[in-house]
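Shared between the two complexes below is subunit A, which has subunit B as its partner in the first and subunit C in the second.
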Partner chain A sequence: MSGFAKPLKIALGLAVIAALIVVPMNFNRYGLFILSQWAVMAIAAMGLNLTLGYAGQVSLAQGAFVGIGAYAAAIMTTHGWPLPAAIVVAIALSFAVGWVLGYPALRVQHHYLAFVTLAFSTLAFLVFRNESWLTGGIYGISNIPRPHIFGIATNKPLPFYYVCLGSLAIVSLAVWWLIRSPWGRAFMALRENPLRAQSLGIDTRRYTLMAFAIGSALGGVAGALYAPLTQYIDPVPFNLSLSLDLLMMVIVGGAGFFLGPFLGAMIAVLLPEWLRFTEGYYLMLYAIAVMGLLIWSPTGILGILDRYLAERRTKAASALRAVAKSRLETVQ
Partner chain B sequence: MSAVLEVTDIKKNFGGISAVGGVSFDVREGEILGLIGPNGCGKSTLFNCILGQLTPSGGEVKLDGKIVTGLRPAELNKLGVSRTFQLLQVFPKLSVRENLILAGQEHQGSMASRLVGRSDAGLTGAANQMIGFFKLDHLADEPAGGLSYGQQKLLDAAMAFMGGPRLVLLDEPAGGVNPSMLTDLKERLVAINREKNATFVVIEHNMEFVMSLCSRVMVMAEGKVLAMGRPDEVRKNPAVIEAYLGH
Partner chain C sequence: MSNLFDLLVAGLATGAIYALVAVGFTLLWQTSQTINFAQGEFVMLPAFLMLAAMHAGAPFWLAIILGILLSMLLLGLAFKMLLVDPMMRHGVLPLAIATMALAIGLKEAVKQFFSAEASPFPSIVPTGDIAILGHNVSLQSIGVLVLAILAVFGLTALLNRTSLGHQMQAAAQNPTVARIIGVPVERMILLTFLINAFLVALASLLITPIYLAKFTSGEVLGQAAFIAAIVGGFNQVRGAIAGGLLIGVLDNLAAAYVSTQYRAAVPMIFLIAVILFRPQGLLGRAEERTV
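And then the complex of A and B:
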């Protein structure tokens, strides 16, 4: 991405952030709901991007962790606990469960790992549905309260949108820090060449477990925001199709790119809304668009940008070499 | 001189086939030991058994007198045993400098300290020094995957030295490297061996390279040690000549 000048990138980033704060002020209830949903799904997708995009561990269970976080928050806040406490519990719970789910990844990889995590996803769904003493079963949990943040009630859609957006900002900064740290480098080493990584002293076991645990914990954060957003949860939104949706967000946005999940979540959450005018055809158009994109660029939308910039750099470098060569020749 | 590495009766079977059939040798502190033999004689398998990448079917490996058989590669690496690979094993998407930082980062501090600490783990200086030492300066910011084969080989070797290892096992460092770069590589290896007192074991098919680099040479054939000695002794050994030239 070094093709863009740094000040330009910063200005662009600030403009997007300002737009996300200012523009929704005029949105109606539904528009704010969709945008809040985008922020929540972007958090969950960022978690999966860490596990899958950076550390290379396939997971079809991210939706289950959103469910774990959502139920933790719903149960706690309906019993009078404040949302921040519920978020902490959601993080701890999904971190611990994610850590345990990481163990199979030490033995199996790729589609075998996908099947193990898929089985876990189904298991989690069955727990949400059948353990009615805790989760309310198929009737779910209703009247989930929205929090008071610094004494301000967030019952209305706009303040709660800012809660989601603020959480997204905090998570983004944390993930940015993580992937720039030596841990991020070790995750990439895990993805690119685990054999070589081991011979360089990288404890691949512990980093694999960490990749699962941290990615899952972010799924939990997303869930803990999802519950007060919808104010009613039942098991259905957390079935396998949410895991598949999140996987698609990561792949379509660009796995292993920091901004991938933001784009992917935007497409998955907003595009169906924009295509609503096509009525019955929107899912079809959506499916065709995704297939077309992945044929054109298997590395997602950011993969296209990355390739373009890499090409430009190569051209610039070879032009420089040609100039240097011709100078050398004129000297001779 | 004391032995850094003592290998006793290492065996490795794959199913019914014996790839390494009871190999014993020791590596003295500060020496460069060559390991030669025809293709398929078990050299790389022996390396993998020593380094914990394969579990030996029998035998024992001692590092500085302590048994290290069965330790995982990452644990051995932290004890100061490093390696290079026969086939290219750099991280193609990371830059040359990032590859080197990665190669050194796990050798300092705890895992937690690496999460909160600096992005480069304080290794940019050491990485740049290594880049200069291997004359890769103009390529420092290039993705490693874009380098030529020989340059990637140099980087692979440089990575093995980032953690300041005591013992380095090099698997065909000269394979596919052009002759002018080969002289460079040999100079670098000799310099690190002398200055840092690092001990090397080198698998190599390039006889001239081995004979001029190593103080002792071990010859393997069909999973066993055929001969061990100074390069000039080994070169004259009739059993070695027969193993290489056949009847």
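And then the complex of A and C:
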């Protein structure tokens, strides 16, 4: 992205934000629901992008953390607690469980780690389904209230969309700050070369656990918003396929790019909706589109842009060199 | 005790099918670092190909042959050429994600072009019970077990006893050196994809009469095979066989003695334990770290 001039980048960013605020104002209920879902999934994908894209730890359990957050929020808000308190609990719970799940990451890497997290994901689903004294089992939890923010009721779709969008903005700023802090640098060092990171004095053990815990906590935030968004939850949405979907979002958008999760969530949530006019074929076309995109650019959508900008930069640089050289020659 | 005996036989029969699928899974991993998340759907599809052939009027035996050939063409050749080859150079993860998308695509295609309902599927082994050691055992379980074991033995013999098998192993273990000593590595990799397609078609033929043909039936199966492959040892064919049998038996015993609600949890907890304490799998060799 650094190829654009800075003012242009800021203007573009502001235009997108303004569009996200203004355009949905006359959307119908369903459109707002889909857009809110995009915001929620983008938060979860951003968490996974921290774990996977920046720290290089493969996790197939992000969907389970969305589930943990959703159940925490659903159980607390139906018992009269306010949503912000539920979000804090969801964060704390996901953080703690994520920290514990990070321990296998200290012993095994790559695909083995993916398998451990996959098993965890299935176990979490079984707990959601079977512990009906807590989670309502297969009947789930219904009548989840939507919160009052600064005294304004958000029962209607539009106000709640702004709650989701606002949360996305807060999480984005926090992640933006995090990846530019020494912690973010340490995460990237972990991804690029763990051995070297360790020899430079980075406590790889602590940072691996941190990467897992923070990424999972964001999954919890997404879940805590998902529950009041749908106002009804059961175990089905939080099975393994949600974890796989979130992983797909991160890779398709571009793992390790800040904006990757936004685009990835857009592809995964909005593209199937746009393809709905093809009726029975829409998921098939979606699958073909994802495969085609990955064949074209295995580093995701932002990988294409990155490659293009890198090429342009090299061209510009070599042009500058040529100019400088010809100047030198004319001087001589 | 009679209960335990029945459970063991049934568990070994499903386990033998898991083993077939898991062996294909490890073959793909060994030769091309493909983690095939669509492996379960690969088992689901051939049954529908065979059903389609039968609907078109082919007799059962012809439908089986057509189904196996078509799956080798689609799930072997086309899968490798169109999806794996372009992405192999770019690391494990993008390809794994692409196979997830493929799994969605296959499921939706079957749902759209065939049926969303479960269809019955004829059994190639006779149904009924026979008495063994005073127990009534279903012929189907025995037949499945025997056929799966034959297939696995055939494959092991191919890999260990023939020159072709040795070339395949060489291509999997060290492609660079294999190329230097004249092994056609590319052709060997293609061969493993064809073998995988054959194995999943066979598994499909054996398991579909038991669980019916449905577009979602690959989900559970794929996961079971996946776990079997890891538990047994991701880099060993015999590990995958042992893992398949073990998971099949464990799953059946867990359903009977632990709880039906948490039956799926037992293989998962086992998996986590194996990865933490013996990450190379029960029969696998430790992989060297490349750092």
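Rule of thumb we're sticking to: the second predicted complex is superposed on the first by the 332 of 332 C-alpha atoms of A that agree within 3 Å, B and C clash if a C-alpha of one lies under 4 Å from a C-alpha of the other, contacts with A are read in each partner's own complex, and residues count from 1 in each chain.
Criterion: a contact is a pair of C-beta atoms (placed from the backbone, for glycine too) under 8 Å apart; a residue touches a chain by one contact, two chains touch by 3 or more.
This one's a predicted model, so the numbers in the text were calculated from it and none came from an experiment.
When the two complexes are overlaid on their common chain A, residue A:183 makes contact with subunit B while staying clear of subunit C. In the superposed model, A:195 lies in contact with both subunit B and subunit C. When the two complexes are overlaid on their common chain A, residue A:203 makes contact with subunit B while staying clear of subunit C. In the superposed model, A:248 makes contact with subunit C only, not with subunit B. After overlaying the two complexes on the shared chain, residue contacts for A:291 are found with subunit C alone; subunit B is out of touch. Contact comparison for subunit A: of subunit B and subunit C, C touches the greater number of residues.
Overlap of the subunit B and subunit C interfaces on subunit A comprises residues 193, 195.
Interface residues of subunit C facing subunit A in the complex, by the touch rule stated above, are 35, 37, 83, 86-87, 90-95, 97-98, 100-102, 104-105, 108-109, 111-112, 223, 226-227, 230, 234, 261-262, 264-265, 268-269, 271-272, 275-276, 279, 291. Interface of subunit A with subunit B (complex): residues 178, 180-183, 185-186, 188-189, 192-193, 195-196, 198-204, 206. The residues of subunit B lying in touch with subunit A in their complex are 51, 53, 72-74, 77-78, 82-83, 85, 89-94, 98, 101-103, 105-107, 111, 114-117, 119-121, 159, 162-163. Put simply, subunit A touches subunit C in their complex at residues 58, 104, 107-108, 110-112, 115-116, 118-120, 122-123, 126, 129-130, 193-195, 240, 244, 247-248, 251-252, 255, 280-281, 283-284, 286-288, 290-291, 294-295, 298-299.
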